[in-house]
C-alpha cells in the first residue's frame, strides 16, 4: 500500500486516542462508583 | 407581626466549603437583630444570603416575602448591604462615588446632599479621592450610598470595625434614624455592648448555624 | 430607574475612573505603541510593513484590549463595587451596556493612536475616501469589540486564572472582527493594491457582529456575572 | 447499600451490548478501510484516511449540536435540571476529542494530498476555531462553584458559541474566497466513491455514531457520580461544620 506509514499513523492516532479516553472514562467510572451507593446510580 | 426574613435550614457553599450548615432565622419587621459569634462562624454568609447575593444550596426561605432561591434579583433591589468592602471606586472622589450610586437608583441632588451632610462628607472630604480616605471615612461613604438607596432591610457586616469612638457613635445614630424611619436591621458586630444597646434581639451564630435566638 | 440612564451613569463612571487614574493613557497606550515598534523590528522591511500595516494595527488593538478589559473589571472588584451593584439590584443589562460603551470609547482612542502610528511608522498613505472608510471601520469594529470584551470580561472577572481564561475565551470570538477590520482597513489604506470599494462588505460583517453580540450580551451578561 | 464489585461501574447490560456492537463494527471498519476497499482513482490510497477522518468530524459536529440543544433545554426548561448540563458537558468533552482527532488525521491526509500539513483553507481554519471555542467551554465548566452555577454559566457559554461559530465560519469563508491564493488541490473535490468505498464510509459514520453514544452514556454517568461524590463531601463538610459549634 502506498503511503502506508501515514495511513497506519492516522488509524493508530484515531483509535489510540479514543481508546485511551474510553479507558479513562471507564476506570474513572469504576473508581467513582465504588464510593457511591446503588440508589445514587439510577442505571443499576 | 410580618416576618421580613424567614430562613429554614439554609445551606450555602463558598468555594466547596459549607459557609452555612443549616440556618433557621426569622426577623420581624422593625426589629434590630444583632448577630454575634466567633470569626468564621458564618455571620457574613447569613447577611449575604439575606441580601440575595449568596446562592442557597439547600433549604429555603423568604426575604421581604420573596423566595431566596428563585427571586434573588428582586430581593436585592430592596435591601441594603454594608459588607467588608465598601463598594467604592478608589480612583473617584467621594462626591463622584455617591453621585454614581444615586444615579443608579434615581435619587435627587437634594437627597445626595442630605446623605453626604448626614455622614459628615460635605466640606473638605467631598473632593478627596476614595483611596486617600481612612477606613472610617470609607465606611461613612458606603453608609451615605445606603442612605440614598432607602433600603427596607439593612444588613450591616461589622459596621463598627476599625472606627474610632466618634465614628461608632455616628453609625449608631444612623442606625437609630433608619429604625425610626421603619427599616429592619440585621447587624453583626464584635461591639456587643454597643450594638446590644440598639438591638431588640441577640442571635448567636456558630459553626454555620444559629445556635441561639434564631426565632422569637 | 430606566436602563438607559443607568447605562449612561455606568459609562460616565468608568470614564471618570480613567480620567482619575489615567491607566490607559499612561500605560496601555505606550504598551500598544511599543507593540507597533516591535512589529517593525520583526518585519524589517518597508514594503512588508506597508502591506501588513492594517493587520498589525488590529492585532495591537486586540492585545491592548485584553489589558483594557481586565482593567475595566479590576476597577469593579477592588473594593467590591460589582458586588455592591448586584446587591443594589442594578439591571445587569444596563451595567453591560454602560461598561461596553466606556470600553468602546477607550478602545477607539487607542485605535486612533495606533492608526496614527501606522501612518508615521509604516508609511501608509490613504486617500480622503480611504480615511473615511478607515473611520467607519474603526467605529464598527470597536462597537463589536466593546460588547464581546465586556461580556467575557465579566465572566472572567470573578474567576481564578482570569489572566489566561480571558484570552482563551475572547480571542476565538473576535476572529471575525480581526478578519473583517483588517480587510476593510487594507481597502482603506490601499495595501497591496486593494481599492476602497472592496472594504464595505467587511464593514457589513463588523456591523452584523456588533448587533448580534450587543443583543446577546444584554441577555447573557446577568447570568454570567451572577454567582 | 454499597454496590457489589460487579455493579460498581457505569456500565449496564444495554451499554455492554452496545459496546460489543461497537467493537465488532470497529473491527469491520478497520478491515474494510485498510484491506477490502479499493484505492480511489484520484486520491489513491490516501482515501483510506477519510474513513476515520470524516466520521470523527461528523461525531464532533453532532456532539457540539447536542451540547447546544441540552444547554438550550437547561436554560429554557422550567425544572432547570442539572442532568441537561451533564449531558451537555459530556458531549462537549467527547466533541473536543473527536475534533482534535479529525484535525490531526486531516493534516496527515493534507500532507499526502496537498504536500503540506496545514493550509489556510476556510474549513480547516474554522474547525481550528471550533476546537479552541470548546476548549474554552470546558475551561469555563471547571471554574468551580455549585452545580447550578456551573450549569448556568456553561449553558450560557454554549449558547453564545452557537452565535459565534457561524459568524467565525462565515467570516473565514469570506476571507478565503476573496483572497484565493489557490495553488493547492481543491479540498472539496468530489471523490467518486464506488460501492465498497461508499459502504466503508457509511460504516465509519455508523460505527463512530454508536461509539459516540457509548462514550456519552458512560461519561455523563461518570459526571453524575463525580457530582454525587462531591455532594457527599459536602454532607461530611456540613456535619463537621456543625461540630464546630459544639466544640466551642
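The chains carry the letters A, B, C and D, assigned in the order they are written, with residues numbered from 1 in each.
Here is the rule we use: a contact is a pair of C-beta atoms (placed from the backbone, for glycine too) under 8 Å apart; a residue touches a chain by one contact, two chains touch by 3 or more.
For clarity, every value in this text was computed on a predicted model and none was experimentally measured.
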(request) Return the chain label for which the distance between chain Cα mean and whole-protein Cα mean is smallest. (result) C
(request) Would you kindly tell me how far, in whole Å, the mean C-alpha position of chain D lies from that of chain A? (result) 13
(message) Between chain B and chain C, what distance separates the C-alpha centroids? Give it in angstrom.
(response) 37
(request) Would you kindly tell me how far, in whole Å, the mean C-alpha position of chain D lies from that of chain B? (result) 47
(request) Averaged over CA atoms, how far is the centre of chain A from the centre of chain B? Could you give it in whole Å? (result) 52
(request) Mark out which residues of chain C touch at least two other chains, giving numbers and ranges. (result) 227
(message) Multi-chain contacts only, two chains or more: what residues does chain D have there?
(response) 144-145, 149
(request) Give me the residues of chain A that touch two or more other chains. (result) none
(request) Could you please write down every pair of chains that are in touch? (result) A-D, B-C, B-D, C-D
(message) With touch defined as at the start, can you tell me which chain D residues reach chain C in the complex?
(response) 129, 132-133, 135-136, 139-140, 143-145, 149, 152-153, 156-157, 159-160, 163-164, 167-168, 170-172, 174-175, 178
(request) Quick one: which bits of chain C touch chain B in the complex? Just the residue numbers, please. (result) 1, 5-6, 9-10, 12-13, 16-17, 20-21, 75, 78-81, 83-90, 227
(request) Could you pull out which chain D residues touch chain A in their complex? (result) 1-3, 7-12, 26, 30, 33-34, 39, 44-46, 48-49, 52-53, 56, 94, 97-98, 100-101, 104-105, 108-109, 111-112, 211, 214-215, 218-219, 221-222, 224-226, 228-229, 232
(message) Looking at the complex, which residues from chain A come into contact with chain D?
(response) 1-4, 6-7, 9-11, 13-15, 17-18, 21-22, 25-26, 28-30, 32-41, 43-44
(request) Under the touch definition given earlier, write down the residues of chain C that touch chain D in their complex. (result) 151, 155, 159-160, 165, 168-169, 171-173, 175-176, 179-180, 183, 198, 201-202, 205, 208-209, 212-213, 216, 220, 223-224, 226-227
